[in-house]
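Okay, so chain A shows up in both of these, paired with chain B first and chain C after.
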Partner chain A sequence: MLNCYLKGQQEHERPEFIPYAHLRIRTKQKVTVEVLDHLEHLALVDFRDSEGVERLQKAIQFADQLHEVNTDGVEPMDSVLEDRCLYLREDDVTEGNCTEELLKNAREKVEEYFVAPPGNIPLPKLEERETFLKGS
Partner chain B sequence: LLGRASLLVSAALKEGRVAPTELCQRCLSLIKSTKFLNAYITVAEETALKQAEESEKRYKRGQPLGVLDGIPIAVKDNFNTAGIETTCASNMLKGYISPYNATVVQKLLDQGAVLLGKTNLDEFAMGSGSTDGVFGPVRNPWSYSRQYKEKSVPKSHSEDKDSNWVITGGSSGGSAAAVSSFTCFAALGSDTGGSTRNPAAHCGVVGLKPTYGLISRHGLIPLVNSMDVPGILTRCVDDAAVVLGSLAGHDPKDSTTIQDNFKPFELSDLTDVSKLSIGIPKEYHAPGLSSEILALWSKAADLFKNAGAKVIEVSLPHTRYSIVCYHVLCTAEVASNMARFDGLEYGHRSDMNKSTESMYAATRREGFNDVVRGRILSGNYFLLKQNYENYFIKAQKVRRLIANDFVKVFGSGVDILLTPTTLSDAIPYMEFIKEDNRTRSAQDDILTQAANMAGLPAINVPTALSERGLPVGLQFIGRSFQEKQLLTVAKWFEKQVKFPMIQLDEVKRHDHGVFQHQKSASFLEHRT
Partner chain C sequence: LCLWGHPYLNSIFLLFFFFFSLTPWVPVVGLEIHAQISSNSKLFSGSQVQFAAPPNSLVSFFDASLPGTLPVLNRRCVEAAVMTGLALNCSINKKSLFDRKHYFYADLPAGYQITQQRVPIAVNGSLSYSLCIDNKMSQMVTKTVRIKQIQLEQDSGKSLHDDVRSQTLVDLNRAGVGLMEVVMEPDMCCGEEAAAAVRELQLILQTLGSSQAVMAEGQLRVDANVSVHHPGEPYGVRTEVKNINSIRFLAKAVDYEIERQIEELESGGTILNETRAFDSKLGCTVPMRDKEGKQDYRFMPEPNLPPLILYNARSLPANMNHQQVVNIDWIHERLPDLPSVKRAKLVEQYGILPEHSFTLLNEAGLTEFFEDVIKQTQMKPKKVIGWILNDLLSYLKQHSLTVKESPVSSFLLADLLNRLEKKEISSTAAKQVFAELWKGEGKTPLEIVKEKKLQLIQDQEDLERICQAVIDGQENEVIICQCRKDGVLALPHLLGRTRSSLPGSLV
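== the complex of A and B ==
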């Protein structure tokens, strides 16, 4: 604690670690339009404008700092409760019969069905779509 | 009356000195007069009054359900509440009325608590300022406190008096503001990266993040399944213990809750701290930590040392990577969790009808804001086959290193860690919005995030006022499932620092109750 207290006394404090900016590893290439298009397809969410693409670039740059850490021999951690057996209940029906309630929240329905537009029609290709990426 | 700790109000309810309906009415009218704070998205006036009436009947029969019977509470708007709109501050869920109650909400209602309404947040709990929801930003009640106004440099008359208001922090800003402005006695928030502790620090309230697996997440709209926990916001540590007691425990509907038997506890007064070992992690002296908070942290450590506790400096070497790790894991889990919003079964649905995929795409385009869309796209990038090993798996490995840091420190005999909660006091909204959400989150979560990585319990205790007259809090991090020890130490600390009560004109006008003259007394008087 003396350490911390002494630090507080100094005119110019030197914090414990250097801010991220100095250590940022620069991503060599920008993300290609193909990958961006692929992401839009997977996520069914669009980038909307160059700001959106910039955001992704910055996010990747930020995440690249992970590569500084040595993780040899370290197992990935899925959950902090990995040492325990999680609970599984018996396969008995304990609730249900709430069709009406659940259908209340859907906009398009017919009798007891949720209605969707026709499926199996892939999103149009990049050239044919209305997307910001067309211009890149 | 409204400023009292819930335990003492409960005594008043039991003795008939105040009626639950009166308490409810007072809170509802205070909510109306503090509307400018924008803390509430939905105020459930009718149902709240009905619940208060039921509670009153029970008290008359001498059969209250428990300490929480008749106590007004608020719930963050990402918890499902039956019959009350649940929006997550997003266009995607505007108008969505849930058919069920989240387990934690149900537990509170079963105890007789009166649900006043749903509080405001960042859209889908993504953010650290409670500024990015579709219902607008939440204002910190302390912006209107006498303490803050006295310290503000008077600006020219032509400038809008209102433009100086400060943020609440996030993402449970609405809940923190609601508790801080006396409109409710306790509020539920959620904590994924510090979302309960951050606004608690900025609003001068107690914010508890329980151990992952202690409280059920069933009904909490998920952000990051492996890190989310419901958070508890109250005005004092005793109240937090009471609420924790009614919420914790195994839930068959959430398989990530542990099956150990949980015994609700009452906090005893700690008289001897000499057996305590407090750890001060040096890496929490992060870049950007204000000198004010650094000094406060130092003083707090000295406080423990002078009382006889063992205070030692410890090291959590991977702290600096916790934000980067969180960034990858969070966006990856978000990408997965947000996939359920397609407009088909609930929520917003676009008019686009050409194909299922184009309908989904249009719905999501219209329903989500930039922040959410940005995280979904980043998450999908990190989960691409070519990136999976390098980013997602790598982040999971770093997560283990971070969790192991804590295991090592706690294993070496340290009982509790003492750290700052935020880098500075609350900043003005106009300044906050100069940087984008991701940058702000990365900056603001730095001190709170690691506890989520490791699943450990942590609590923010309001400590003192800054030079600008705004609250500053300190954080205690405890061992897994050792909430009793954590809260006992926090309570002792709270008693030592005697954090001042907020002086809000709106509250003074409303609160002409019996307890007015006792308002400045310590919360911790024992009842006879």
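== the complex of A and C ==
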């Protein structure tokens, strides 16, 4: 949220995802409405308008360039830091007891409990939602 | 059931129907068990692990998922998982990885749980457990269930549902506590087997100290996966049963679900791949609400944690800081005797039956009590065990007491058994004394014996005189006197009115 606000303040040139011309990128078919709807349910993200979907499409295209690298016989890597030592902590109590501070973040609280809605409120189905995806 | 008009075809159809429903069903039961690790602090943060503390008082900034916080792995949790893996005959993965499992729920503040989905810490083990055939405790059979894997993962917080005000209250004290998820292969076939396997796992965890595994406090949670199929056919659709709060309910829930699935299939229905909750009051499983369709957890590697590397004696690097090393061999050498080994040792050392040692280990503190009595008495263990299992244990069960709460201490029981061994009292008298001791009034066996005049009369002449008086007084009755080899007279057919006229010593 903070990021969006700050970005809105300054006029940056929007980066564009341009694939390398000499590479023949194998790109999937246009991202379908079903996939977008599924993603909106899973991540509770709202693509908002066709420009949002376009950016997603271009980002996938950009990432597809990775397929051009020959990885035969190479162990997959999760992160460049994966050969670092995983630090092990001693089993001592060093934190906690800050109920008041934590509850300051809560919009609603009841006797030191956080208050949440009664259960997950699932995103309504595509047909029932106000989303531009319906038009696609 | 569609019936044609033709009577001949009708009966053929009915025959087929009955034949099909008489074909045996093979139930398949697999378990996923979450055991809370017994540690001072949480898996990835330094907040305390404690049951029943003021809400949100044991929560750090990381547990509350505030931005800018990072997970730091607790070494004790790693050791607990390695111990458990070794005790369950698993291969320990020297390199295991952490992943994020994403789903939204109010008690999961980060929106994901850190777990080990790709490469868990331990795989391919087995658990052996014993079952009594026919509830008789006289014939025990050993079964084995394969352990697919053990993984380290975070616990979520607790949700308290307030239906009146239509809201959920969230307490994050439990969020981030270390769990070992033990995944069992579907090798079991009924509630009894599932219950016995979980009981044995519970005893193993308690012996190791890696988890206190008290189901009532949520330290051991079991989800059951149940399906049925006909022999020779592929496995049926399975349902997952949650909300099982005790080992007894586990057996009930599994058996109910098997029955429900069989009935559903036999009446032509289908089984949905769904999650059901066990309702202990009604004794049945019900579909869980809040079902949002098939969950997609979008697993991804946890970017803030490099792989967990474990060492053994061979691979241990020379200059490493001890505090940063988990040595599998070191842990293996220090494993305590597992329940199965303890049982075998008891049988060998004391000459008791396997069923006896099973009961001894099944009751917290009973083995120690038994061994304390043995140390303080001359009575043979084979006789002592009878007193422990038939008398002490049944009294404890009747009054719902634990061994720790027993009003009869091992010292008092040993004293009583010594007097019985020295033939100062008969065994019937001993039972009476035991009943008195149970009242916990602080009297010693000797005091009770004197008070109730239960001491056996050792003098032969005295006994003959009393016998004669009884016989003289009963002209028409036949009294059988039996002289025991050691000279103590027993009168098994003393009549009621005679008994009341004699001191209790003759009983």
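Just so we're on the same page, the second predicted complex is superposed on the first by the 103 of 136 C-alpha atoms of A that agree within 3 Å, B and C clash if a C-alpha of one lies under 4 Å from a C-alpha of the other, contacts with A are read in each partner's own complex, and residues count from 1 in each chain.
As a working rule, a residue touches a chain if its C-beta (ideal position, glycine included) is under 8 Å from a C-beta of that chain, and two chains touch if they have at least 3 such contacts.
Bear in mind the structure is a predicted one, so any value in this text is a computation, not a measurement.
Measured by the number of chain A residues touched, the leading partner among chain B and chain C is B. Of the two partner chains placed by the overlay, chain B and chain C both lie in contact with A:Gly119. By the touch criterion defined above, A:Val45 reaches chain B but does not reach chain C. Once the two complexes are laid over each other on the shared chain, residue contacts for A:Val74 go to chain B alone; chain C is not touched.
Once the two complexes are overlaid on the shared chain, A:Asn97 sits against chain C while remaining clear of chain B.
Shared-chain residue A:Asp83: touches chain C; no touch with chain B.
Look at A:Val110: by the touch rule set out above, it reaches chain C but stays clear of chain B.
Comparing which residues of chain A touch chain B with which touch chain C, the overlap comprises 38, 42, 44, 78-79, 81, 84, 86-89, 98, 102, 105, 114, 116-119, 122. The residues of chain B lying in touch with chain A in their complex are 96-97, 99, 212-213, 226, 250, 252, 255-259, 280, 282-289, 291, 294-295, 297-298, 301-302, 305, 311-313, 318, 320-321, 324-325, 327-328, 331, 335, 342-347, 349, 352-361, 364-365, 368, 370, 373-374, 376-378, 380-382, 384, 390-391, 393-401, 403, 436, 438, 442, 454-455, 480.
Residues 38, 41-42, 44, 78-79, 81-99, 102-103, 105, 110-120, 122 of chain A touch chain C in their complex.
Per the touch definition, chain A reaches chain B in the complex via residues 1, 3-5, 7-8, 13, 15-19, 31, 35, 38-40, 42-48, 51-52, 55-56, 58-60, 62-63, 65-69, 71, 74-81, 84, 86-89, 98, 101-102, 104-108, 114, 116-119, 121-123.
Contact residues of chain C toward chain A in the complex are 39-41, 45-48, 54-62, 64, 66, 72-78, 97, 102, 104-106, 159-163, 166-172, 289-290, 292, 296, 298, 301, 303, 305-309, 323-324, 326.
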